[in-house]
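One chain, chain A, links the two complexes that follow: it is found with chain B in the first and with chain C in the second.
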Partner chain A sequence: MSIEQVLRETLEKILASIEAPGLQSLTNESNLFENLDSLTVVDMLLEAEMQLEKATGRYVTLADETIFDASKSPLRTWAGWVAYVESKHAG
Partner chain B sequence: MQPPQPRRIAIVSDCVSKPLFRLRAEDVGCEIAVEHCDIDQHLQVLLSGVDADALVLHVGFRYFDLREPMGSVRQRLDELITGIKRFLQQTSAVLILNTVTPPTHRLVGRDHLEALSMTHEINGRFIDLARRERRVALADLAAVLTSVGLDRAINLQNDWVMRMPFTGAAVPAISSEYAKVLRERFVARKKVLVIDADNTLWRGVVGEDGVEGVDVGEDYPGAVFHAFQRQLLVARRSGLVLAMVSKNNLADVQEVFARRSMPLKWDDFTTHRVNWQRKSENIASIAQELDVGVESFVMIDDNPFELEEVSRSLPGVTCVQFDWQKPAEALSLLFKTPGLSAWEVTAEDSRKALQYAEESQRREIRASAGSLEDYIRSLDIRIEVGRNRLAALARVSQLTNKTNQFNLTTRRYSEAEIRDAMADGAVYDFRVIDRLGDMGIVGVVIVRNGEIEAFLMSCRALGREIESNMLAYVCARHRSQPLRATYFPTAKNAMVSNFYDRNGFELRQAIDGKKQYENVGMQRTLVPVPISEVD
Partner chain C sequence: MPAELRFTQARIAGIVTTVGKERREFAVEASSMGLSEGEAARLQRALGLGSRHVVEGPETTVDLCVASSRRLLAGLHLKPDDLSAVILVTQTPDYSAPSSAITIQHLLGMPVTSMAFDMRLGCSGFVYGLAVASSLVESGFQRVLLCVGDVASRFVDPADHTIAPLMGDAGAAILVERTPSESYFQLYSDGSGARALIIPNSGVRQTEADEGLTPYMRMDGAAVFNFTLQRVPSLIGDILTMANVSTEQPDYFVLHQPNKYILKNLQKRLQLPEAKVPMSTQSVFGNQNSASIPGTINGFLSEPYSNGSLLTVFAGFGIGLSWAAAVVRTDRVYAPPTFIGVNAEG
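Right, the complex of A and B next:
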């Protein structure tokens, strides 16, 4: 399973328990930062770390100082989030 | 019908608490509504109180920073304990604390000793509170995190960035521990463990391998079964009833117990069905014999086919597979199956297995007695009644939470709520004793503001006029004004829908099945049972 698939499934799981109309049809430009509150972001990151560890066998910390930064957060676009996680896992 | 009220849980934490409390009703065993207080506001919440059934006070290494001088950590602990004591004085909520983990790294050995000692002091004082205060429970998060593995459970970077020190590997384990503590406090415990014999109590099939061929010794793999039997014995002593259901020849199974040295003895099983019938039929028959609903049953069996058959026929039964080839899982079954653990064991719980055996004898006497009066006289029944007895607090609360059928209002009370009812009115506990044994406290009546707001009795005591004698006693104690009473219908209490009508109360109003009554004087002739008052 690709990293993008893992992230997509993780997001679907998180969205099952909250209202986030802006993320119903996900595109590369979808803005997670604006559509998820900070507690949900924490949830999503924990879940993504765990699912990625299962899929790749490696535990990688995803949160860094940019996550909650409105001008730098990789969560501002779906494509940016996927690229960010892929680079973390490649590093 | 009354919809069940969710238990209200407030949580104050030194980390983001939402991921820790993403609990579903099935995790806890009842509906819950969780309120997350602002982060790090422990003392403020303790001093201002909360409008909730339970407050979870989650503390970790942010709250107790062991890199600070120990004097300041101790001062923080003292302040917290003072706040906790004030909280317990001012509210009636349950308080849930947690154990903390010791530091794992050190530069200077003696400093590490200080930090270790401080960790023990924190945990020791929390344990002491939980021992002394009935309303304090303890989530053993130190054990949970050790089980997950500290390096795997804690991520400092996540703590700095998100105020969430726990990884996705630890969060479900922590949630489960909190769910377990809440369940132990607010949900009735399971009552009956239905155990298979072959490949569950011993390795092998007695009908094929013979009595000497089955393995239940001290060496592996027999040791797995030996250890499991010891666990079952402990479970029995804690109040769970053991019942054996096995597809076997009865004589073969009995011979194993007679000839092999094992922790469990044949008599440890309150009842058994060793035959070739479907297991669901046998379990239904045991439920009828013990007068216990199948939702209070847990079935443990090695055979997935048998578990599936029972699951389909009796969906209320919790079915768990015993796989001796995975010893770690097999020997943690009893601890991980929801509903089997209890926060504490009352005297009544400890005698449970014996009480069911006594009950069988009573049924035999009833069958041979000429009349109800003869039967009651032949048993030499007497009732002891206590009023507002703190010593009975745990049992009274337990009965209000587990009694479904003979329960007029099905109102659930925490121990704190019972304490409040004692302060505002009268809480009567009724203990029943006869020549066969002591049934313990089986009935509860709560009267407040001229109204019977709770009237309930364990179904074990039915058929002996106990309930009518209880009502007559309470009415006699409240003669100054006519007592009011209510029947609230639920899915399970139809058996008492006319209880007040039959006992001389007059119906005043009936809306949507809810009936309100007033006592106009007991008119019914009772078979009297001697009642004595106890302190």
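Right, the complex of A and C next:
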């Protein structure tokens, strides 16, 4: 399973328990930063880290000081989020 | 250049923590805070929320700290006359004025020839207080009593699910005495982040931004999260460098206990063994603010600190913004398991 697939499944799991109308139809430009509250982001980070560890055999911490930075957060677009996680796992 | 301190004549002789007697389970509290089962499950999973201990009735930080101090003095076979000073680090003093440390001095029966004063800090408070206590000892005092703690349950809105279920009440007492021992400290502050964690309308300043706000703690969770991940890894790296200690040498890294996710992230980023980074305090006792580091030692590491010679990294970080770290060697500290309630039997 690709990293993007893992992230997509993780997001779908998170969205099952919250209201986030802006993320119902996911595109590369979908803005997770504006549509998820901070606690949901932490929950998604935790879930993504666990699912990626299962899928890749490596535990990689995804949160850094840019996650909640309005001007730098990789969560500002879905494509940016996927690229960010891929680079973390490649690093 | 950070504010750095190095001591050679101050050692920790004892650490005692007392927590509020009332245990509250998050699973029970969640529904009263208006959380759905799904929301409660997310909070539990993401932050490690389990239970917390809060005071019963009108008990205050002073009550918790006096209980800890009496237990500490009894355990070390010391009398109040043996103390040259008492410092209280808290954000929840009995009164805005006078200093609650002076109340503690009186309640313990310390002589009027002793020094007593408050320091107003939160999650960095233990490391800051230990630095100041060590300074006094290094300057000639024989023994200084350091009290740290808060009744945080009083400064949060009980219905605010973003902060209330995190907080626990605790008061710790630490005895610092004049004995050869090396320790290293680095201390930082950044007032530009003052509003990331703030209790509005709690002092004499009145601003438009605070108009109509209740005097309860307000947290910008995202800002605090960013601050922690930006500052703490380099804080720990820098204090190790200052002390000329490798990452492998410390027996424990006892950090402030905000929540499990942050601690796990720090442990992984710093590539530290999980066994050296205790993370359970918040899940069992709640976020104990300035008492979280001594609370972690008494709560989960009583045996190793009581019986061994240990090299420890302490790091506290939070409201202010304020952050600080220390490398400290301890040798068979009086560190009994945490006392549950001010009247608990040892």
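Quick note on the criterion: the second predicted complex is superposed on the first by the 91 of 91 C-alpha atoms of A that agree within 3 Å, B and C clash if a C-alpha of one lies under 4 Å from a C-alpha of the other, contacts with A are read in each partner's own complex, and residues count from 1 in each chain.
By definition in this document, contacts are C-beta pairs under 8 Å (C-beta built on N, C-alpha and C of every residue); 3 or more make two chains touch, one makes a residue touch a chain.
In this text the structure is predicted, and so the values were computed from the model without any measurement.
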Which superposed partner A:Ala90 touches (first chain B, second chain C, both, neither): neither
With the two structures laid over each other on chain A, which partner does A:Asp69 touch: chain B (first), chain C (second), both, or neither? second
Shared contact residues on chain A for chain B and chain C? 17, 39, 42-43, 45-46, 59, 61, 63-65, 67-68
Show which residues of chain B lie in contact with chain A when the two form their complex. 16, 18-19, 22, 152, 155, 157-158, 161-164, 166-169, 171
Chain A residues within the chain C interface of the complex: 17-18, 38-40, 42-43, 45-46, 59, 61, 63-69
Looking at the complex, which residues from chain C come into contact with chain A? 38-39, 41-43, 45-47, 162, 221-223, 225-227, 229-230, 261, 264-265, 268-269
Which chain A residues qualify as touching chain B in the complex? 17, 39, 41-43, 45-51, 53, 59, 61, 63-65, 67-68
